[in-house]
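Labels for the chains are A, B, C and D, by order of writing; each one numbers its residues from 1.
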Amino acid sequence: MPKVVFSIDQSKSMREQAVPGHNRWHPDIPAVATVRPGDEFRVECRDWTDCQVGNNDSANDVRDIDLTQVHMLSGPFAVEGAEPGDLLVVDILDIGPIPCPERTGDVPGQGWGYTGIFAKANGGGFLTDYYPDAYKAIWDFHGVQATSRHVPGVRYTGITHPGLFATAPSAELLTGWNRREKALIDTDAGRVPPLANPPEPNNAVTGTATGDLVERIAREGARTVPPREHGGNQDIKNFTRGARVFFPVYVTGANFSLGDLHFSQGDGEITFCGAIEMGGFIDLHVDLIKGGMAKYGVTTNPIFMPGNVEPRYSEFLSFVGISVDHDTDTNHYLDATVAYRRACLNAIEYLKTWGYSGEQAYLLLGSAPIEGRISGIVDIPNACCTLYLPTEIFDFDVRPNADGPVRKDRGRCAVTS
Amino acid sequence: MPKVVFSIDQSKSMREQAVPGHNRWHPDIPAVATVRPGDEFRVECRDWTDCQVGNNDSANDVRDIDLTQVHMLSGPFAVEGAEPGDLLVVDILDIGPIPCPERTGDVPGQGWGYTGIFAKANGGGFLTDYYPDAYKAIWDFHGVQATSRHVPGVRYTGITHPGLFATAPSAELLTGWNRREKALIDTDAGRVPPLANPPEPNNAVTGTATGDLVERIAREGARTVPPREHGGNQDIKNFTRGARVFFPVYVTGANFSLGDLHFSQGDGEITFCGAIEMGGFIDLHVDLIKGGMAKYGVTTNPIFMPGNVEPRYSEFLSFVGISVDHDTDTNHYLDATVAYRRACLNAIEYLKTWGYSGEQAYLLLGSAPIEGRISGIVDIPNACCTLYLPTEIFDFDVRPNADGPVRKDRGRCAVTS
Amino acid sequence: MPKVVFSIDQSKSMREQAVPGHNRWHPDIPAVATVRPGDEFRVECRDWTDCQVGNNDSANDVRDIDLTQVHMLSGPFAVEGAEPGDLLVVDILDIGPIPCPERTGDVPGQGWGYTGIFAKANGGGFLTDYYPDAYKAIWDFHGVQATSRHVPGVRYTGITHPGLFATAPSAELLTGWNRREKALIDTDAGRVPPLANPPEPNNAVTGTATGDLVERIAREGARTVPPREHGGNQDIKNFTRGARVFFPVYVTGANFSLGDLHFSQGDGEITFCGAIEMGGFIDLHVDLIKGGMAKYGVTTNPIFMPGNVEPRYSEFLSFVGISVDHDTDTNHYLDATVAYRRACLNAIEYLKTWGYSGEQAYLLLGSAPIEGRISGIVDIPNACCTLYLPTEIFDFDVRPNADGPVRKDRGRCAVTS
Amino acid sequence: MPKVVFSIDQSKSMREQAVPGHNRWHPDIPAVATVRPGDEFRVECRDWTDCQVGNNDSANDVRDIDLTQVHMLSGPFAVEGAEPGDLLVVDILDIGPIPCPERTGDVPGQGWGYTGIFAKANGGGFLTDYYPDAYKAIWDFHGVQATSRHVPGVRYTGITHPGLFATAPSAELLTGWNRREKALIDTDAGRVPPLANPPEPNNAVTGTATGDLVERIAREGARTVPPREHGGNQDIKNFTRGARVFFPVYVTGANFSLGDLHFSQGDGEITFCGAIEMGGFIDLHVDLIKGGMAKYGVTTNPIFMPGNVEPRYSEFLSFVGISVDHDTDTNHYLDATVAYRRACLNAIEYLKTWGYSGEQAYLLLGSAPIEGRISGIVDIPNACCTLYLPTEIFDFDVRPNADGPVRKDRGRCAVTS
């Protein structure tokens, strides 16, 4: 186990930690530690919501999550010698739930994690027009595998990864984000759920900042929800053990932060809180490519090489969606978002014929290692997206056959009261 | 080799074949053959353009392709006992280029194929605002692998598949398509390229229809470009050897057709004519699941199980894109199309640092077995898409390193004169 | 399709071909064609027995195979510029059964192939002490997959490859082989089956040799059964599409030959005629590494890179064997042969609990894409070998469960009369 | 983390633990804990030698290892309800090195492990006639990957597994082993290294046995080196995370034990101490199939399903060996042991051309995730074995090319003084 450069006392909130992390993006959040190119080290993480969700059979906590508190990040970490224009090279050496003496504790990551469908009134999700209420599934960890009492009949190996990882933005970049996102919000300011989240001083956690800086970060800091040029909440499931990522550096020291660990997640993380959420640890190795952004033509987003220890599933049942809203029989022009939504809805309808509720199927697709692919994006007017569901995660034969599906009682997920 | 139920004389156009296929969708195109559940048979195919492109170093032919002639399909084939509401089960037993005594002939599929970037004025492509002119690459087949004099330094194993495969629409479905797509077209009727293609009598090929039916099919028949409820031009690269597909049946006999064979294609087929296009053959096995649409909750699109003989690539260089138009610094709300476009542009910029032209890189990404994934689709406002480029297809080490890329002269693709 | 440098009229025996191949190894067999480094070309092949086996339900033909006639090879092919000490680089571009207009013909490779268990009195096999009689299974080809009426319940994708591929031996090497193998034979000269096969003039086919040379080749020529320094009958299943092999060159021109095409084979080819045997074609690309043997420390056997289009099976049921003869409770010292035999016997006993006969299971393990691994070879006194059987090839769930196996009638293989 | 049913204080020898394990097989070693079908629990393990090897640059400790002390096992664990004839179902949920606050400690498993070549005079190894002296390599752990200062230029992902896992033998089985192995020893009693190891009272550790039982176990107990009917030292590398193993049960309670954790190992574990040896932990789930041995035809060895999180390597350089002793030009009859030895020697000669010493290459092949396959086992007189070396573990391009290998100084492994 490498040295721990950021430790968490899981019995306390992020704000109460001896060295707290942060939940906003701002160039002036002070680095909590400095590492050198070539270093290997461990970072401990808090669950993204700062542990607002419990291991129980009610979805009330998911319904009531306070989103002004998210995402709780560990960092920032300064890298000696990093300058704007460099590429920060990060290797993910290992990652996992909270190591703890007991199998199960109160905190997500202590032997369990959760997947939530957010209510439309509180953030929503990819299918919020179809599933507007809050639901939850608790997943139990069995080494590298997970099962759920709320979604029986499946067991799968997680592709564990940090949902959120980024370098700090420069002041200029931050200003641009705020301007750009405000312009979008302004196109439909009262929308529920909103188009984007503007800076929100309430519940901002600003790391080790002190004095006036605290208030300024809270006022200016970008929210952590979207992925942006620096990385951010990319939710790329293949950013797992053995992965190497090349992040653009925008400030001296790079000042990277991370969090939102996922035991497992499907492509798209469609329920919004779609991964199996948890606290835990991540072991990293860092290096630099000096001047790497110009050398490799990187102007915006990171480049990465995916991890090579993903679970070896080889047989898939795949669902197709096209950019047609079949509910209204309306065509959307090469819209991959609509196409993937239809693929998800098609998968859910299929799973319902086996006895799952729509909510259970939705929770399953958010968290299991499904692949979401853009198959055709030029055949006007219809984009074509496909969803690959590994058949080996089911403890029954889920493939179509002449006899039809075996519909049985498959319990239910956690609901609100 | 199973019996041939549809044969092509590659020296003649589709219209001149003894039993011609068709290039429009219509329920009344007569079946050219009837097969039974359990049958195995071979279908021969013409290149999608009816061979408008030559094995040469000029992109003029791509620039001048007449799109009213596409896609040339083989079929329809009736399946004994198929009725609306069934699922047609299709196994792809084998698929390949035109078997021919000589290594290279004049027709695409005779030892070679092509990838084209369409000009913005004639159809365009996914990056048409960045690459508005026509370009071409010729690929030489070496068994299951391909190389190109126009994109040197790469060699890859194709995931060969039919770009287009579908059952016939019912009259009602067809009427709905025409209405739905007209509504879209009407939102911006003069757009170049157009939002969608309405029925086009000119150059319609209507199979073995005779008399008034010919004119009616030509007038009413839906164009073959988009994927739709029945399958269609889905361009799913994993619909390859060993794949099993479950198609909805809309008319008695199912009356399925297919064509647009691709030696290889990347997810998205981003150059529009992005695959390695060719004529060839496909061997099929068919079966039925009676009443399968209701049994399995299939209301619209096909379900499939991908083939299990895809090339075994394991190391990828991956590019991230988010739903921001960085050219104008504009946010798009959870728009996976924009996000994937940015991932493509990022990959192209990277490849340019090694000496490829942007057009070469674009042609490469359209045809090589890249994967395009929807990684995050709920993190407002930015969708996150990723493009996985297998590193093993390059004959040099394409991964980033501290020394920077080795830029060298990598020739050029075919251009217009 | 590349140019054919060796063509077969499958209605005639190898001896009757316009340009016949050969069935013995000798440096003086004349080359039938010359190719150049960089060339791509096709070679057609006869089934290894010269078509002594038929598509029927009797194993009499397997029982009566005349082994003095095997293996019928295509070649030799001279490579321009090849000299002793070079490495001949061979790429397998494509390989397959006999292309033929009809689905099924009389010749193995025309839509079907066979697997045989040889009788102990006529060659035997790996388990000949347990299965001393002759048996046969006919396999039907469905594109890249195979099924058998003699082994129902399985369907698998073949890893198609040439069982036999080699450069010509030098005169010195040939002399050494004959001396070395005679020494072994002499240790138990009357053994049934024999320890090795000495040169056998009877039924020798000597290519285009004429005059006295014919008799000399027949008298001196090494038999083709074993693998040797030059390659030979290696039966490496992963020598498939996309593979690259580096052969030592022992004579000017390299003079390589090949044959014994297998539609599919398990590691070990345990029934002796264990693969799915067939005639067919193979497309090759050749090149040279001048002085490669010394450069790369190659003194004896070939080096190769396996093909990258093997079927993607990911779940296996694996059987362990150790170097103990449990029938007599006798320990053998680190004997991997005994260990693998026990693993095979263990797998057969397992499959018998599901209703297969031992002979059916033996035929299955010889031909399906199983992996045979040497797991432990140093833990005195017991070697440990393991056999990996892909579970996805069965149309039922073959994994152990608490309820026990579902034993049912699974027909029978072809037997002798 | 599941409950720990066997804990190790790594600062103490196995004998000194509060609840010690054992290093001999005997039915009367008392169970240290009882678990129930369905339980999940953790077992901690000591390095197989009880920590006789240090993290330094001398191979003296490997040379001087006292083999009477091995293998230090954790257990036995009784399973409630297990009876002779059952199958014990074991799932490996997780496995890893010693979790410890500091990156590196004194004990193998605390951030590092070792691979040793044993001297011929002290156990030997697979190539002991070629490499008769002791050598060592220290490997540093980087999450799931390993590197070595003694074998620079490689970095690979471990397939972590327990080398040794077994149920307790019945008294009858134990008696049979001792008789069977004595018979082998007696065939060449003075051989160095010995053919097998008889019971050895010296340094026997007998768990929690007391009184006369201690002496009896020490006198009768079978040594732990070989794999046997109950499992034992099988050294199957694929017995990793996600694996499920079905062990025969020979005594009431099954009484299974395990140890000899390997961070990584190649097929064959050819240097004897060929894996990367370490202490650590393993998390298990157990279940029973009542009467499973008869149900599934299991009379001797375990059956297993390999883990599904092995590193995803896809490109291999493969070496062939046949059952000929080329040093003496002697044929061995279908001897897979000789064939695999030649494949190993061929691989070593190849690696030497790049600048590695033979000892370094030998250490590499013992510990890296290579595959060893039995390719042909029926082609008299020569068995054919193949060794698959993943090319992606090298930080240079190790494939043959026309220019020849790049020979450079690659340091040296630890040697004796």
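Just so we're on the same page, contacts are C-beta pairs under 8 Å (C-beta built on N, C-alpha and C of every residue); 3 or more make two chains touch, one makes a residue touch a chain.
In UniProt terms, the chains line up like this: A, B, C, D = Formamidase.
This structure is a prediction, so every number in the text was calculated from the model and none was measured.
With every chain reduced to the mean of its CA atoms, the largest distance from chain C (Formamidase) is reached by A.
Contact tally for A-B versus A-C: the pair with more C-beta pairs in contact is A-B.
Annotation: 50 Å between the Cα-based centres of chain A (Formamidase) and chain C (Formamidase).
In this assembly, the C-alpha centroid of chain B (Formamidase) lies 39 Å from the C-alpha centroid of chain C (Formamidase). Computed centre separation for the pair chain A (Formamidase)/chain B (Formamidase) is 32 angstrom, with centres defined by C-alpha atoms. Residues of chain A (Formamidase) in contact with at least two other chains: 308, 312-315.
On chain C (Formamidase), the positions that touch chain B (Formamidase) within their shared complex are 1-4, 40, 91-94, 99-103, 111, 142-145, 157, 241-242, 283, 285, 308-313.
Across the complex, chain B (Formamidase) meets chain A (Formamidase) through its residues 87, 89, 125-126, 176, 180-181, 183-184, 193-197, 225-229, 231, 233-238, 246, 267-272, 274, 287, 289-292, 295-306, 308, 314-322, 324, 326, 329-337, 340, 342-343, 346, 349-350, 352-353, 371-386, 388, 391, 399-402, 404-405.
If you check the complex, the residues on chain A (Formamidase) that touch chain C (Formamidase) are 312-315, 392, 397.
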